[in-house]
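Here come two complexes built around subunit A, the first alongside subunit B, the second alongside subunit C.
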Partner chain A sequence: MAVIKYTEKVIEHFKNPRNVGEIENPDGKATVGSPACGDQVSVFLKVESGKISDIKFLSYGCASNIATGSIVTELSKGKTVEEAKKLTWKDALEELGGLPPVKVHCSILAIDGLKAAINDYEENVLGIKHEKIVDETFILDNLKHVIYPKTGENIIDAKLVKYLKFEDSEIYLEISFDETDVYKQNVLEEIHEHLNEIPGVEKVTVKVVEY
Partner chain B sequence: MNLIYLDNYRTTPVSDFVNERINEYNKENFFLPVSFTSKGTEAAENIEEAKNKIMNCFGCGGGEVVFTMGGTHANNLVISGLLRDEDLSDTEIVTSVIDHPSIVNVYEYYRKKGAKVHFVKVDGQGYIREDILAEKINEKTRLLSVTLVNHTIGTVQKIKKIIEIARNRNSKIKILLDACTAVNSIEINMDELGIDFLTFSGHKIYGPRGIGAIVSRKGVTFKPTIFGTVTTSTLMPGADNIPGILSLADALEKAVENRKSYVSHTMALQKKLIEFIDNNIPDAIINGPKYGERATDNVNYSFRFIEGESIMMFLDFENIIVATGSACASSDLKVNYILSAIGRDHELSHGSLRMTLGWLNDEKQIEKFCNELKPIVERLRNQSTIK
Partner chain C sequence: MMVYLDNSATSPIHPEVLDFMYDFNKKHYGNASSLHFLGLEAKDYLENARKKIAATINAEPEEIIFTSGGTEADNLCILGILNASKKKRIITSVIEHEAVLETFKHLEEEGYEVILNPVDEDGVIDLKYLEDNINGDTALISVMLANNEIGTLQPMEKICDLAEKHGVMVHTDAVQAMGKLKIDVKEIGIDALSASAHKFFGPKGVGFAYIKNGTPIKNIIFGGGHERGLRSGTENVPGITAMEKALEICEENREEYSVKYEKFGKIIKNTLEEIGNYKLNGHMKKRVPGTLSISFENINGEALMEMLSMRGIAVSTASACHSHSKEEAVSHVLKAINIDEKFIYGTIRIAMGIENTEEQIKYFSDTLKECVLSLREMNDADW
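Take a look at the complex of A and B:
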């Protein structure tokens, strides 16, 4: 059954978030999301002997955003960087006992923040260059970060995306919605937010097919 | 811990007075006015009396009252009823960008169906731009719909001037006034103002739920858009909610009778609340007109650097209920269209909080609210990514 309220654990982490704040001279840091979109998370890391020895976060966002930030820092603290890289938003969600479907999209940002901070650490401290091959698979992976608020699934698993083409730096996407779907605008904004950030993408066209 | 309910624009509790009446009507006045039997006739007479009470409350002489399931239903029936037989390609309708969704969303539907629809812009405080309004009304304009008190920011539209502008441009234009959030605090005289249709709802005036009404000025009507067995009105067929109708009239009469004291009661609380926030919480911006000019029962602020659902949740832990314009807390995750229309950016919309006052609130509750609000805002700001 879908979770229709915040679990006690979500409330507890929202009320008493762990690891809130900043780290001076962090080994890795990142800020993801934006106030315009309603939520933003900053993650700061210290790494010792390949393990995350300290992690802190700041959040501009709603209760689920703050609670997920808190749980993600708890889940990753003490883990090796390689282990932390494997954490997914589903792990965070499970640890919190679930979120209402309409709130699942909030749980993604904290994990994205963690991954981006690790990326920052690897580039700046370890000198590893991350080269991204932007192709349709990469774009599909990005779209899996867009959650359909009605069901709490990503829009690929929810089978909303009907067609995708990437050619000459342009993404063309077809997505279908019920005529009365109240989340249409939210999903479209999220798609643009995710796809416009991809390096090498110059134009994103989303065609909406209503049924 | 006693509940501090500061969300009276969403809905009001049923007053003890109305509850007693509802119980009485449920036992004794549940009959339908469908026959000339003694009970049927009595029911018909009671409905006529309720209609007359309602028309009296709104200064409407010799008009008509159609009972609906609430304000949304009422606005839908009027708009769709007026447009039913129109050639939409040759029809224009006007409202403002900040009107209630039960108007704006219906207009949007008719825009898709081919009507020319104008959403008139508002100024930074939510007042309809009169210059733009004048531009948008012409001989093809069939209807102007106005929400008298904005449900989010408490702007009271200058309705007399608005109607004057509209009628100067088109003497035949119909005026629909949504008075749902206005009835408690604003006196409305339909005949004096020249309002054709007024809509209101029971649950916003300490009255029965699931019932509202359309009050039509003498000689004006609209066409039916739903059909069935007629009991009291061809415009709203089906078995009438008699206890609802009778108690709606009672609740309205009570609201009108108590209006002066309601205004002074809510205004005192509003003043206290606004003064506290202005003097104690930095980077808080009032949404809507300033104190003295806005509806007396509405307070709306944006708190910079933080998100409204978080504030709302922390207040909820203290048993205080408010509302927020944050997209995170809305049913469709959209940015609040009213705050956007008055020029608030996304951050300020997300960080907005609406406190709507009512009969059950007192000074002590407002003090308690203020004492809780300040540390919550500080705490969330401390842990925010933006400073």
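Take a look at the complex of A and C:
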């Protein structure tokens, strides 16, 4: 039985996800997302001589989320840590042959999980401290994780963000929407969710403007 | 195997009705307002359907107003009754369908005082709250007969008794109940009711409102004055006659269908026992036949729905990760009945139909078990 909106590959990975499970005593692990928002992914990895020798994932997400988790583990297994760090959600999306626009945000979570697990490995095993410099570039990068479900692009590429200022621990953002845009509320909530998590940010003001 | 278990969303047209429609559309295409032989013939079919539908719910023929479906019937009853009243307080339940809730939201913006009546954990309306909130300025109470997500039936007779004492009109959205339950409008004591054909194996785009004789009501659609002036627009005679036919089939076989659904329900419940960590939602006895709302602990309902879909099984889920927002990720009905957080996101709705076979239900049960167990295996939900 075909489900039209997904590619064959998404369906195949959803039906038979690779690398499902947990790794005992992993070198790196991370959980991202939250079940109450409908998505959560955990990634576990083992590293041998700089290469990801084993990687497993668990998910509490929809079909797209599970399929992306599967493809991301498949893509990163055997790669060096440095190579794996360069994987983006676009790579995952491409490998799957695309996802419906409203589901693209699911592919981001799996990549976030992979990166967070690598981060965890670097901190705990290699002793590398990741110091985050929070500036406007960092905030813009963060906003690239917010997807505009209408087009499946992130809100930066979709050119929705018109102005950004970060000063005295306060973020001021201007974003443009049509008055009748059904995704407006979702996107605004997601922006707040992402920006409020950034350390050192005390206030987030988002203004909806019409351009 | 294809198994359709989403009959509360819409049902396939009964094969007999479909044949009837094809034939009817071919032969009797006249406009019921035309005065030539084709028009007169269409008018006859229209009035005959009205008579039969009225009889099915123990109403008078002139009390039946044909509409384009449930939403329009809801709008006509609610807005129409309020158009004829000066009172400004209106009451509805928190678990209504959007056709009613959104109409009330609009009315609130127009200056009406809206009371949202809470329900208990079974989804049954709090009658004490209702009584306490009826005042001299209350125009209308609108409460659905059967809920579309959890199947709970409301004590409509009691609601009507309460309302009558205070001179308040009562409307019920009977979209999910029509065809599945015996409905007697006089016994219930209801002033207005809405129904939709495509929920009981009739075609989409047709429904009806029952409006009790003597109920003050004004039209909301303007035009040629069809349907006693309450619903202008050329009558959809082929749709209306098909709706009547579908309702007749449902009425004739109601007992048989109920017994069948009961049996299928048992098969599914046995499987649920094997799966474990589940909850059934809604009132266990006072419910519409053939529907089950199941919540699985730590399961993503959308993933389960998609997994079943890929195996040829159509069910619906009341939660989706489209929105990525906690507020919108789950339905207002499930929130209103206070399901535990670990269960609420793992909810699917089974709505059986007359075409389902025991073989299909067994395939569904086996597949459901396989899918839930495999999703649990890859689950990392951490609350």
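Operating definition for what follows: the second predicted complex is superposed on the first by the 205 of 211 C-alpha atoms of A that agree within 3 Å, B and C clash if a C-alpha of one lies under 4 Å from a C-alpha of the other, contacts with A are read in each partner's own complex, and residues count from 1 in each chain.
The criterion applied here is as follows: a contact is a pair of C-beta atoms (placed from the backbone, for glycine too) under 8 Å apart; a residue touches a chain by one contact, two chains touch by 3 or more.
The structure presented is a predicted model; accordingly, all values stated were derived computationally and were not measured.
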Subunit B and subunit C placed together on subunit A: clash or fit? clash
| query | What is the contact status of A:15 with respect to subunit B (first) and subunit C (second): first, second, both, or neither? | reply | both
Original post:
What is the contact status of A:31 with respect to subunit B (first) and subunit C (second): first, second, both, or neither?
Top reply: both
**Asked** Counting only touches as set out at the top, which of subunit B and subunit C does A:41 meet: first, second, both, neither?
**Response** both
* Asked: With the two structures laid over each other on chain A, which partner does A:72 touch: subunit B (first), subunit C (second), both, or neither?
  -> neither
Report task. Give one of first, second, both or neither to describe whether A:149 is in contact with subunit B, with subunit C, with both, or with none. Result -> both
TODO: Classify the contacts of A:60 with the two partner chains as first (subunit B alone), second (subunit C alone), both, or neither.
DONE: both
(request) Scan A:182 for contacts with subunit B and subunit C and give back first, second, both or neither. (result) first
First, second, both or neither for A:102, with subunit B first and subunit C second:
both
The shared contact residues of subunit A with subunit B and subunit C are 14-15, 17, 20-21, 31, 35-42, 58-63, 65-66, 102, 106, 149, 185-186
In the complex, the residues of subunit C that touch subunit A are 2, 298, 300, 302-303, 306-307, 309-312, 319-329, 341, 345, 377-383
In their shared complex, subunit A is touched by residues of subunit B numbered 305-307, 309-310, 313-314, 317, 326-329, 331-335, 345-347, 350, 382-386
As the complex stands, subunit A meets subunit B at residues 14-15, 17, 20-21, 31, 35-42, 58-63, 65-66, 102, 106, 149, 182-183, 185-186
Listed in rising order, subunit A residues that touch subunit C in their complex are 1, 3, 11, 14-15, 17, 20-21, 31, 35-42, 57-63, 65-66, 102-103, 105-106, 149, 185-186, 189-190
